[in-house]
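Just below is one structure, and these are the notes that go with it.
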Amino acid sequence: MTDLVIAALCLFAVWTGWRVFRVDSMVRASFSLMLSFVAVGAVGVVLSAPYIGIATIFMMAVEMMVMAIFMVMFMMNPAGLNPMVMVHQHRVAAVAGGLAFAGLAAAVLAADPPAARVATGTDTVAALGHELLGPSMLIFETAGVTLLATMVGAVILSSRRGRFGPADDGSRPPGLEPGGPPAGRQPEGGGGHHHHH
Amino acid sequence: MTLTIVLLGAAALIGIGLYGALSQQSFVMLMMGLELMLNGALLAAIGLWSLALGGMPEGQLLAIVVMAVMAVEMAVGFALVVAIYRKRQADMTESIGTLAG
Amino acid sequence: MIGALLLLAVAATLAAGTLLAAWLDRRLAGGGGIASLAADWLAGPVRTEAPDDMNRRLAPAWYLALAAAGLCVVPFAPGHAAIDSPAGIAIWGACEALTVVVVFLHGWSPNAPFPLIGAYRYAAIGLPAMLPSMFVLIAAALPAESLSLVAIVDSQRGAWNVLRQPLGLPLFAVAILSLTLRGPMDYADGADIAGGTSAEEAGPARALWQAARLAMLVSACAMAATLFLGGPLGPVLPGPVWLWLKTAGMMAAILALGARIARPPPARMLGLVWTVLLPLSFLHLLISGVIAL
Amino acid sequence: MSHLARLAATAPAPVFAAIGPGLAPAVERLLARPGLRRAATPREAALLLVAGAIPDRAAGALDRVHDQVPHPRRTVRWDGTGDIERALLDARADLLGGGESAPDRRPDAPPAPWRGKGDHGQGGEGMMGGTPYGRPMAMTGADIRDGLQLDRYTARVGPFAPMLPPGLVLEVTLQGDVIVAVEVQAPAFDQPAEADAPDLVAARMLRLLGLPGAADRVAAGGRPRAAGLLRAVPPGLVPVGGRDARDRLAGCLAGRSQEIEPPDLAALLPGLEWAEAMLALASLPPSSLAQEALAA
Amino acid sequence: MTTLVILSLWTALAAFAASRALPEAASTAPQAAPFLGGGTPDTHAWSRYHFRPYTMTLVFVAFEMEMMFMYPWAVVFVSEGPKALAEMGMFLAILSVGLLYGWREGVFAWE
């Protein structure tokens, strides 16, 4: 019974994953990917990882919402009103994808992994919490620093409003004295069109 | 048996993700392919943790790390897209290749 | 057996609660009321130019399903919820996150300018407005030492969370307003965009969407009652009755609140969410943490 | 009549108003009555109220709005005399009782012919060149705020847009919800001096601030009973004569009427977000938007 | 498993109800045109929509990851005691630096 449910969820995840590259509308593509994540999260819920499963769903709902926003922003013909073909090196990609699947599937079928299920009645959420605060504390805090770096990097890269004016005008700090030449290193080539990141 | 199903599903997701990442012309669609591959990795991690490793706590942490990687990839990836789009009106991978000069 | 009973209770609460919410909306917030829902239902449908038909028809259905799913984790009697999951509040959190997706889809699908603007505005405000509510959920889990709402109710036997976590209810009220597209947080349906995401919606689709909004109000208010007012706890009366009373009280309060606070333009609200609500929720978590220790 | 129709008949009648010259204040006070519901869009309405003599320049727009009302629908005309509420309620009752719905006034044809042209039948060549479903795709253009050249959406809004004074037609170009260009195509219709009354101006602003109940109370001469009114209006919004929109709202709430020179909308509005722009326009007395000088 | 069954039950039920209640509709061209108060648009509304607070969205995606860590943290908070408070305090302090930086750069406004 459990096997059937899991197989159905996996099939759903794979099918929605495939639809991502087959629909014309970017919004549909993003939310198709979200459904794929939801199915994986549901597998987690069935496989006694309720927290990880549900967390996958809510994290991915948010991320795919953002994904949809950016897809629509930067893709030509975002709603697929005009029928289109947006693929290149289709054959190579299909072969590579097929080979990857075949190789991994062969490895899965050939391997003989240990069979140790989660003991029924384990409080997996509390176990994760203790792990976070205990042995894996360093990973936890490193994640914080990584996310900080991501936030700062994303702001620097994407925001136009620098402290010294619009980013694409070349950033020039104010002079050291009123009306003086800009402080700091001068951009090479004098074009004033270099990003500094 | 259950584990085999889960891992085959994960392999299929990774295969489709690879196809997507290689075949799509646009940088943002390429990111979709990457996310799909990470989705496969997530599925495999959950399956192995639950069915092969007896629920060792590091397994769940791995799943969280995979998701953190996705968030970081998305934030930095889209920030790059914005920066490049601002500089050149281009969002195609081919065009990004010519930006080196 | 008891599981089926609880599911029945969820369905009945949602149906009766939606009707009550429609009535209260008419009384307290100048909304349409039950009769207006019926009138909308009888009007003819409109299909816009080249819409995303699938998402257009599914958006109200998903909204309704999210309301039902959210209500399933609410305990109707001490120790009994339709879904007694060890990740209960995370399920509610997922419902909140998916609501943003559903409202966006509702505004995206008609392929018309005003709904589109409403959809993007809602995404801009709805996403960060989720952060305070997540902090509130997490703070409520601290004294219970569990993510299960059954445990959270049990942890309030001594004192309700509204006393132990004073900032929680106001912060969660903001989340409810945002989830149910009401008052100062209703960035999907502004008057300056002719009703926003619903501007192109007529007939049964409009009625269903409005009903789903009200159903979500029931669900969110039941959640607030569970998190802060002890849910089904109370003397003399049986548990479900206490939950219904508290939920109805919350609904009246939220409707009255939503009709009395002005809604600033979205850019102004975005700054407010990040610079006022988020620091407040940090503070809330700190206070709740110190008290729980 | 079915049970559902009997229930629906007890609801306030949803009315979308197309307002002509001279009747704006009368219609605004009419729609605040409890038996009627002000529809924000024709989709929400069953009745189209045509108030006053609509000038010829707005006849096409009136037909378009009429056709957007879902079936069953009815048009009710009003010249400012007689018991209009009774007429509206009668029309509503007749519709719910199975009365005939008004047919479309414009021909049933897509905005432009498109079927069969191009590789995929999208009505043109290339990925952005077609006119799928009879409309072209939006094209990119320069942005005035952050330099991202994304698509522009150009449309004419009005003359019956509920967030604008009746008659005013703006051709706006939007990028996202920021206005990048504005052209005034027609000024607002002339209205009696009562349209500039401070309570009506305040009511229009309150409606945009998401407070329809408070707006009706103010229009009826009461207090708004709402929090954060002034703080919700961004400071420095469209200053005219040294007073911004927030000052004007404060003045209107205090009952002071205002005299304002016709503003240059094409210069004032670009760079504002749609919500701010509509709030700013609502804060101006409609007479300042009615002069022919605006259209020049 | 029960969780999953119940949630999918509601979802399927709602989708079924919507497909029955909202059958395929058809509208004439004038009725289908987008509402602009009588005006007409030049193009389709679906376009490369300039979502103004995009930088905020990216900061949000990174910041929101902290939720993943906080839920399990909340469960063991009381049993781990002040150490848990200190560790989460440090984690949030690190992330707050990012928020403060973003705030100073003005990313919480419309671009």
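All chains are identified by letter, namely A, B, C, D and E, in their written order; residue positions are counted from 1 within each chain.
Following the convention adopted for this analysis, a residue touches a chain if its C-beta (ideal position, glycine included) is under 8 Å from a C-beta of that chain, and two chains touch if they have at least 3 such contacts.
Since the structure is predicted, the reported quantities are computational estimates derived from the model, not experimental observations.
The chains in contact with chain A as well as with chain C are D, E. Touching chain A and chain E at once are the following chains: B, C, D.
Chains joined by the most contact pairs: A-B. Here E is the chain whose Cα centre lies closest to the centre of all protein Cα atoms. When you average the Cα atoms of each chain and compare centres, the chain farthest from chain D turns out to be B.
Separating the centre of chain B from that of chain D, both taken as means of CA atoms, is a distance of 46 Å. In this assembly, the C-alpha centroid of chain A lies 41 Å from the C-alpha centroid of chain D.
Per-chain CA centroids place chain B at a distance of 32 Å from chain C. Separating the CA-averaged centres of chain C and chain E is a span of 14 Å. The multi-chain contact residues of chain D, meaning those touching 2 or more other chains, are 41, 43, 68, 70, 132-135, 137, 140, 146-148, 150, 153, 155, 161-163, 176-177, 273. For chain B, the set of residues touching two or more other chains reads 64, 67-68, 71-72, 74-75, 78-79, 82, 85-86. Under the contact definition stated at the top, the residues of chain E that touch 2 or more other chains are 3, 29, 31, 33, 35-37, 41, 44-52, 54-55, 57-65, 67-69, 71, 73-77, 99, 110-111. Taken together, the chains touch in the following pairs: A-B, A-C, A-D, A-E, B-D, B-E, C-D, C-E, D-E. Across the complex, chain A is touched by residues 1, 3-4, 44, 46-51, 54-55, 57-69, 71-77, 80, 83-84, 87, 90-91, 94-95, 97-99, 101-102, 105-107, 111 of chain E.
Across the complex, chain E meets chain B through its residues 54-55, 58-59, 61-62, 64-65, 68-69. Across the complex, chain A meets chain C through its residues 25, 27-28, 31, 34, 50-51, 53-55, 57-59, 61-62, 64-66, 68-69, 79, 81, 123-125. Against chain B, the residues of chain A that register as touching in their complex are 2-3, 6-7, 10-11, 13-14, 17-18, 20-21, 29-30, 33, 36-37, 40, 43-44, 47-49, 51-53, 55-56, 59-60, 63, 66-67, 70-71, 74-75, 86-90, 92-94, 96-98, 100-102, 104-105, 108-109, 113-119, 122, 124, 127-128, 130-132, 135-136, 139, 143, 146-147, 150-151, 153-158, 160, 167-168, 195, 197.
Residues 3, 7, 45-50, 53, 57-58, 60-62, 64-65, 68-69, 72, 82-83, 85, 87, 89-91, 93, 108, 110-114, 116, 120, 123-124, 127-128, 131, 134, 138-139, 141-143, 145-147, 194, 199-200, 203-205, 208, 266-267, 270-271, 274-275, 278, 282, 286, 289-290, 292-293 of chain C are the ones touching chain E in the complex.
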